[in-house]
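Common to both upcoming complexes is subunit A, partnered first by subunit B, then by subunit C.
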Partner chain A sequence: MATINLKKKEIEAKIVYYGPGRGGKTTNLEYIYKTYKKQVTGDMVSITTEGDRTLFFDFLPIGLGKIRGFDVRVSLYTVPGQVQYSSTRKLVLKEVDGLVFVADSLQVRREKNMISLKDMAQNLKDYGLNVFKVPLVFQYNKRDLAEEGFPILTVEQLDKDLNRQLKVPSLPASALKGDGVGATLKECLKLTLKSLKSQFQEGS
Partner chain B sequence: MNVAVKIKTLLQEAELYRSQGLLKESIGKYRAAADILQKVDKVKNRDAYLEGIARKIRAVEKELDAFLNAPAAPEMTAAVQDLIKEKFAFAKDADSQPLEGAIALAKFGQYGRALEEFRSLLAKEPVKVAAAKNIIRCHISRESFDEGIEEFRQWDGDGLFSPQQLENLRVFFQGVLDKRGIEKTVEIAQSGAETFQEIESPELDLQLDQSDAGQEEELLDISSIGVLMEDGPQTGERVEFDVSFQSGKEISLLIPSREKGMIEHLRVGTKLNDIEFYSPFAMFQGAGIVTSNTKIATGPKRGDFSLDIKVTST
Partner chain C sequence: MKSDIALSGALNFLNLGDLLQLFGSNGSTGVLRITSPYAPEPGVVHLLKGNPVNAFTGDETGLKALYALFGWVEGEFEFTPKEVPTEKAIEKGRMELILDGLRMLDDGEIQLIGPSERPDASQRDAPSAGGGPLIRGPLIDYMYVVDEEEFSAGQEIVKENSHGNWIWVVVQGLVQVRKETDRGPLELIRVAEGCFIGSMATFTVNGNVRSATSVALEDVSLGVLDTQRLFTDFSALSPTLRSLLLSLDKRLREVSDRILDIHKRAYSLDEYVKDREATIRQGNPEERLFRITEGDATVVRYTDDGHVPLAKLKKGDFFGSVPFFDIGQEPAAASVFASETMQFETVDIGPLQQEYDNLPATFKKLIEHTATCISVTSMVAADYHKESLKEKG
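Here is the complex of A and B:
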């Protein structure tokens, strides 16, 4: 759960980019780091292993400025994709406030998307969170590969595979070029802040 | 599709996947290209092509190996360790928070730094036993058993813990060593452990994850639990049981028939207000309720008791 400090009028929220390995989570954060300099409040930390793969997580702190008098700070994280890191992946998910599921549009990764989504839902459940209730958006990444003629899934297929029941916002993107990266984050922030607001009102 | 185009397409895909680190997919496409190439007749320089593809496959396999053999948890910079310590400690109270941070460091394989943190927590009364247990766990994970035993001896000499706490820690340490099949003995130097009969009030309970109170929390994999008996012949003692099965918040224990005396005091509905849960990493405290207590009627464990406990809080 986010920390809300009434005295200091501060909100600290956590957004996690989840999804199959090599789907473009780190690339999303890198693009945000490069592009939204004004919002970025600290260095991006990437803990990588052989072949530049995320080992534990990436971390990027951003600030949204004042929203209704509250200073809103958000920590963005990515999880490692590889199966052998399931316990650290779960740890990164702890106390998450909002999620971006980065799906890989490549046809060869179709099954991996579904497995990863299932894994996410299970990990959330273990933390007492419900995938149907957590603020969540899908990003269908690597759309640019279609132009080069590579076999990718259509947005409709991806929606059918992943979003048939959840029915959350889904956005096409090309994280490498930056297309859709900001829109995805914005959508997720919107849902997250809305959810925090209602949690906060219930609690008070 | 024309065969040449098909092969070319496959090779392009293989290259793309390789560049994206999708190494298995890349190898798959190279192999598919080679298969097709092998089947068509009348290809000039077929062997040269095949050899070229085979070379590519070997190179990708090498990348895959390098990745698979990379250290699981390399030592991070101090800055990254600080970040882990800060960001993965969710407890709100001043004592549990640094403990949780140190546990996170250990979970991320930063044992050296975790040990430092746990050691500094030995000075904090409410968390010192938990810190000590986690120090033992770090040594077990690093397989630095002798160093661990040496450290335990120092605690013994320093008088850092009450005799009862020390005995608790000894039992705990020995238990993990035994479970791992490591033939080493942890001993307390001065004799007279038996003289500490009087029952201490349980140490101020450390409650990890307090911020999650009321919420369904994850239960880590639990290998064993220590129940503070509130009834029966062992009242006031912490009795350790191995967990035979765990599903969500339900854990099952197997209690040998020789412990029959205790079984009566663990009837269905009994509240266990002070349980220590030992998972491969964290040690945390909580409570539970006995939901079933049955005598096993058949099979090799006949006569033993199977006890289910629902964990009600951690």
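Here is the complex of A and C:
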């Protein structure tokens, strides 16, 4: 559940990018930070955690409208996957409003995707959230690697591996080039806003 | 002063990360004061328009102090809105401070100040060469400590059969608890930080005889507890809880004596099981608590190496299960055998539980420590039993 800041007349929502290490979470956020600079408020915070980086910045989505007269501000995070970062993960995942799961399309990372998704479900559960209820979007990243001859999983395979039960939107992407990054965020924002509106019972 | 506090509470409910986020989105200016029972002085954070600008702990200031405070997981916080110096000793942004602080905590770069989860505990838990089981306890709240005493390695702290009614808590170092035998000292257990030396029997009229010897194995510092205050706490308890606690203390003495018996092979198992009926069978569930009103009983553990006698119970003693501590004996890990003449009554646990919940923390820790000691000495007894069989074979 997002926090309401009465002073600023804002609803502060939280979107977290989750996924296996080196799968492209930070690349997504770095691209968003660069490309949508005007909508970013404040600096990007980058914390080096073992094997990965944890990123954070605030983002003002445009054109999504207001909820009950409140502007919506979104904090974007990546979360460190390593087991030892439980305090960091707890802070990041607590009251998360929307999730993007960045899966690695490389065939050799197939198992890593599934383990990470399972971890995510468990972590959410630990903080009292249900993976079936939190707005979630899959991004199948690194599609461009096929052109360079790397064996990658097909979208159908990835859907079958990860999305068979969840049945949420999934989008292909090449975060390094920026392809699909905006579309993924937009899709996640849409779901998150919808969920927030129903939480705040807009129009009731 | 008190009336100026705008927000206060417990750190284990809202930690420093949560608080900084809260004050951040609120844009608050003021002083956050944090007290921990495990730190001698409070920590202070200055907030300017929601951003931490300076911090102070006992010996650090600025960023270092702020990061150190992320390790304070137990304690209280108070926030007082007021003007703070605008000079910024901390320049980093709020969210970076929070994420970095938590990351350092997870990476073990920040020392965790709290009960039992001390970072060095895992290494130190491995007993030193040749040592038996080692017990470590949660650190104690200093309210009950009236003085500190130092003992150097090898020095005796208390002597078996001597008189005394002081209770100490180990602040630092390793202490051996042992019994004297004609073949030299016999180690029962080793205790370290957070454990108590001395027992609740101190609170009774004739209870000031030491049941074991305690020796410092290295340089040790001990906190002397305010026995008068503990005695006052104890006197205020209901007669039932008081006798339950004394029975618990007696149980520990019994198990220690059994270790001696097993070591000397000076017991006959018949004494514990012959012509007796099992009232509680090891492993069978039993959630009730009983008190012996007539006759006597014995507590025996069954192991792969046979029966190990643990304790003799008499009129007035308790057996069964107590929901608020675990002594590692009946019903899960020992049987209770009743004499032919034994009679007992069921004790209502509800009021005891309520009373226990309201006890001061230090008193509870003393009780928990006694329970842990019973559990561990029972294991030690079983080990000595196994060893004595080996020697025979």
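Just so we're on the same page, the second predicted complex is superposed on the first by the 166 of 204 C-alpha atoms of A that agree within 3 Å, B and C clash if a C-alpha of one lies under 4 Å from a C-alpha of the other, contacts with A are read in each partner's own complex, and residues count from 1 in each chain.
Note that a residue touches a chain if its C-beta (ideal position, glycine included) is under 8 Å from a C-beta of that chain, and two chains touch if they have at least 3 such contacts.
Computed from a predicted model, the values in this text were never measured in an experiment.
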Subunit B versus subunit C as contact partner of A:Asn5, first or second or both or neither: second
Residues of subunit A touched, compared between subunit B and subunit C (which is higher): B
First, second, both or neither for A:Phe59, with subunit B first and subunit C second: first
Subunit B versus subunit C as contact partner of A:Glu156, first or second or both or neither: neither
Touching partner for A:Val108 - first (subunit B), second (subunit C), both, neither: first
Touching partner for A:Asp126 - first (subunit B), second (subunit C), both, neither: first
Which superposed partner A:Glu147 touches (first subunit B, second subunit C, both, neither): neither
Partner chain(s) touched by A:Ser86 [first = subunit B, second = subunit C, both, neither]: second
Residues of subunit A at both interfaces, subunit B in one complex, subunit C in the other: 45, 47, 49-50, 56, 84, 87-88, 91
Residue ranges of subunit A touching subunit C (in the complex, touch as defined): 3, 5, 7, 12, 42-43, 45, 47, 49-50, 54, 56, 80, 84-88, 91-92
Contact footprint of subunit B on subunit A as seen in their complex: 1, 21-22, 45, 47, 49-53, 55-56, 59, 75, 84, 87-88, 90-91, 94-95, 106, 108-109, 126-128, 145, 149-151
Footprint of subunit A on subunit C - complex, ascending: 17-18, 25-27, 93, 95-96, 98-100, 102-103, 105-107
Subunit A partner contacts - residues on subunit B that touch it in the complex: 9, 12-13, 16-17, 20-22, 25, 28, 63, 66-67, 69-74, 76, 79-80, 83-84, 87-88, 90, 104, 107-108, 211-212, 215-219
